[in-house]
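Chains here go by letter, A, B, C and D, matching the order in which they are written, and residues are numbered from 1 within each.
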Amino acid sequence: MAHGATGKGNDQVRFELSAYAIDPKIKVIAPWRDWDLLSREKLLKYAKEKGIPVDFKSGKKPPYSMDANLLHVSYEGGLLEDPSNQPQDEMWRMTRSINEAPEKPTNLSIEFSKGDPIAVNGKRYKPSQIIEKLNKIGGTHAVGRLDFVENRFIGMKSRGCYETPGGTILIKSHRALESITLDREVVALKDDLMPRYARLIYNGYWFSPERLLIQKLIDESQLHVNGVVKVRLHKGNVIIIGRESKKSSIFDHQISTFEDDKGKYKQSDAEGFIKLHALRLMKNSKRLRSNH
Amino acid sequence: MAHGATGKGNDQVRFELSAYAIDPKIKVIAPWRDWDLLSREKLLKYAKEKGIPVDFKSGKKPPYSMDANLLHVSYEGGLLEDPSNQPQDEMWRMTRSINEAPEKPTNLSIEFSKGDPIAVNGKRYKPSQIIEKLNKIGGTHAVGRLDFVENRFIGMKSRGCYETPGGTILIKSHRALESITLDREVVALKDDLMPRYARLIYNGYWFSPERLLIQKLIDESQLHVNGVVKVRLHKGNVIIIGRESKKSSIFDHQISTFEDDKGKYKQSDAEGFIKLHALRLMKNSKRLRSNH
Amino acid sequence: MAHGATGKGNDQVRFELSAYAIDPKIKVIAPWRDWDLLSREKLLKYAKEKGIPVDFKSGKKPPYSMDANLLHVSYEGGLLEDPSNQPQDEMWRMTRSINEAPEKPTNLSIEFSKGDPIAVNGKRYKPSQIIEKLNKIGGTHAVGRLDFVENRFIGMKSRGCYETPGGTILIKSHRALESITLDREVVALKDDLMPRYARLIYNGYWFSPERLLIQKLIDESQLHVNGVVKVRLHKGNVIIIGRESKKSSIFDHQISTFEDDKGKYKQSDAEGFIKLHALRLMKNSKRLRSNH
Amino acid sequence: MAHGATGKGNDQVRFELSAYAIDPKIKVIAPWRDWDLLSREKLLKYAKEKGIPVDFKSGKKPPYSMDANLLHVSYEGGLLEDPSNQPQDEMWRMTRSINEAPEKPTNLSIEFSKGDPIAVNGKRYKPSQIIEKLNKIGGTHAVGRLDFVENRFIGMKSRGCYETPGGTILIKSHRALESITLDREVVALKDDLMPRYARLIYNGYWFSPERLLIQKLIDESQLHVNGVVKVRLHKGNVIIIGRESKKSSIFDHQISTFEDDKGKYKQSDAEGFIKLHALRLMKNSKRLRSNH
């Protein structure tokens, strides 16, 4: 496998860990890191000598590097290397600015089955189509710009800007549906594992046994995440305006109501609940008092 | 201690766990839960009989209950009990709607010392003043509306809407400053403990020994969180436009640059780094192959 | 469901949470807790009046309570209520004392398939037979006595003594086999979730969705835990004397050897590995120095 | 800094991460890894040429490598490289075998202050003296042999045998004292962080900011770990025979008793406690039923 990632970034790690995991006998060639092409000038000179065409207007150095795929555009380097600098307005490609976004919001409905989005506004699409669709409409409404300082696996901090309108809409909608379909302690378990899962993927461990184990747990947790979320896009905001799950909701309005619940919940149970949870706190408190 | 919380909510738990933790001999009186005042009508009748004034226009039932303090307003009950209903525009008190928010953004600078906000736009304020100030300006820009389904400690799901403009600005600014002042693994540790810490507080365990232990760790982590964050408020969005920490930043632009780094980072080190991290993945991969 | 557990212990919680989880409509009758039979004397009097036979010699109060099943015997109460008291030698039922155990050790081999024990000394048995067998031989060798102070879910500490010879042998053997068949990060993930999983079961949440999710992860992790462990029982000790897994081991003696490894591992890779892991520590160190 | 660790082990990582953390400008010289001294023969030849004396009888290769310090002896390599081989009896240096250990047990008392051992049998000693003392008496009683397969940070599994009699006695005694002095949720928090803390130290991150943060939490947790533990050493076993803490115990025998508790605990509180904990399980159960 040959790749053009530098020796400073996350991409080399992600490419190579994945390659080694899939084929332990693979040989990796990473010229940017292994050879003496350490600067952009040397690289361009080498390409010219060998007759390799480069899609890059010589003479004009762009103010940052850029990568794009279905899910996002990322920007790094150049002006962005100083985290006290704001990115230039012209940089962004997938999203309008807040000022350019329409005054009128757009409402969408997104349907999920087992945690995966399957339909937008009642019409079924392939996963890639859903992302394309949400990227487009989200971008129009200035949704999905991110700007932060991250911690690369190889040990340095770096500043990156990202655009991911579809991803932003999906993560918020998905959580809204989880909020009525996942049990409290399932949510707690997912919350506790989420940063670890995210770090695994960020660091290049998609094809690792530990990622697969957490995935099993997550996939199992999603079996009940079925239903429809209504969402409003407006001036950079993704606003949940409704969640509904006919067959999978465990939200029980008859229990939670402050009105007459017809005995579904016995308020006096709360006394014992609280008293037994307080037992150890009372004991701790007595010790603190007696030691002073 | 007497309180007016119902037997269905989180407040009773928070009040009573705190009271028992502070004074194990305290006696709790919770009429709403212990007596037979289970409905609003009965309560009003009782108050009238006893000559207790109630700040509540009889005859007109509000469509939800409301609580407010320095940090937030919360709304629950009534219309909101169905999570597929959108809250009415008239409900919100601290924040303008996106449409009413000004076209022109406001830029702020917030200074932090040891993780605590101490100044806005270069002027020092008391903590409560900072929150008041940010509530006001954030609210004007439609910042800080939240709407979600939560999981009460006593076992039921409930839907709540919240307004917390100042809190929203502070959490985003604080994280932005942490991104240049906290070590990667310190961030990872904080990320992993954060949901647990939040659950402790949500469930009423502020005065518990386990909250105090995590607090020690968090407080220690904040010693280097010093610096200034520039933030833009615009149409419901909080946008970080700069982070700076003269004495505490560990962001090193000379290492992360894609330009000539003058030997501060040796790209070839990455090869060994990746190969040793791949070692176990390769071994796993060989086992999978030999077993098929 | 009627049960005879007291209102102070874990059993009532385990019985009732399980019952409610299996059948939400079940009605629980717990006389010891609900009625006025709060002391042993009252209970015996009630039983006598109603003609209920009690397997309990009146007039002679045993110095502790006892429960037994296939996996263990537990002892609580009476003399044991003071954690500074040692249990009496006569108390223990499944295990000999160290002095009574034979001078000569016994060696066993235990075979596991997908993490479950399936054979002892090369002969296959049903799970219950394996535990019976190991209880017997372990007990003879004084293996499996436990004595500790635990934290009941209902909020108090209590002291318990346990005998579980088979369980003790199995947990040690199983971990020995995992040590050559589980990937390092799989072990780390299991280690991190283990205390939580144990608390869930201790607290009565066997039939909870969160236990089932963790179980999915654990079950998946066990697919490669196949092989044979040789174990020596001697004077209370369980000593691992060999682990072997023909098809599932990822222990690679050719890599780990301090002898000539024929190039399977390139020692110079370690330099880059360490340097990049040190990068953030160096940066932290510089900050500490410059701030003093 | 020059060190003689190989390029395959944990020691190089621990030495160098610590050195870089303490002095980012340090230069590391690791001949075994960097030069061409990859085999023992080459190393001996080099030493002979340069007139460097080697404490190692040439001609007789020991069957494993060995390291020793105050806390332990470790054995690796040679015969031990195959995890199905049992170590030879002659290998062990700090501990007698079970057969050689005395028939008569020895009872000890160990006093802890803020989690640290300060006295043995009522006599105060320096920390190093306590370990020496416990190593000696523990070793006599065959306590402290360990034999397992571990996961090196640089990516391979390796088999190691260890002797740490004093460490074994201290860890068991310390936990016994914690069991009556630490709150349940403090124990849970410590249990959950313990594997991570252990990995940090194993991997060489003693001088890391994340280790220091967890240390703060642990140190704070130990303020109440004061008292005396009585322990019996017998034929390889460390048996807790008593725990006592005059001023710091939160074990409350008057609450946990199965006898008359004089109203310190209201058994009927347990009903509400269980019912509210069952609420979400009942809801989950109903969903499962209605979906089948």
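Keep this in mind: a residue touches a chain if its C-beta (ideal position, glycine included) is under 8 Å from a C-beta of that chain, and two chains touch if they have at least 3 such contacts.
The structure presented is a predicted model; accordingly, all values stated were derived computationally and were not measured.
Here the chain-to-chain distance from chain A to chain C, counted in touching steps, is 1. Looking at which of C-D and B-C shares more C-beta pairs in contact, the answer is the pair C-D. Centroids built from CA atoms put chain D at 38 Å from chain B. For the pair chain C and chain D, the distance between C-alpha centroids works out to 19 Å. Rounded to a whole number, the gap between the C-alpha centres of chain B and chain C is 38 angstrom.
Counting only residues that touch two or more partner chains, chain D has 151, 154-156, 183-185, 188, 205, 208-209, 250, 252, 255, 265, 268-271, 273, 275-280, 283-284. Across the complex, chain A is touched by residues 151, 154-156, 183, 185-186, 188-189, 205, 208-210, 212-214, 216-217, 220-221, 276-280 of chain C.
In the complex of the two chains, the chain C residues touching chain D come out as 6-8, 12-13, 16-17, 20-24, 30, 32-34, 38-40, 65, 76-78, 81-86, 98-99, 103, 105, 145, 147-152, 154-159, 176, 179-180, 184, 187-188, 191-192, 194-196, 199, 207-209, 230, 234-237, 239-244, 250-253, 255-260, 265, 267-271, 273-275, 277-278, 281-286.
Residues of chain B that touch chain C in their complex: 183-185, 224, 247-248, 250, 252, 255, 265-266, 268-273, 275-277, 279-280, 283-284, 287, 290-291.
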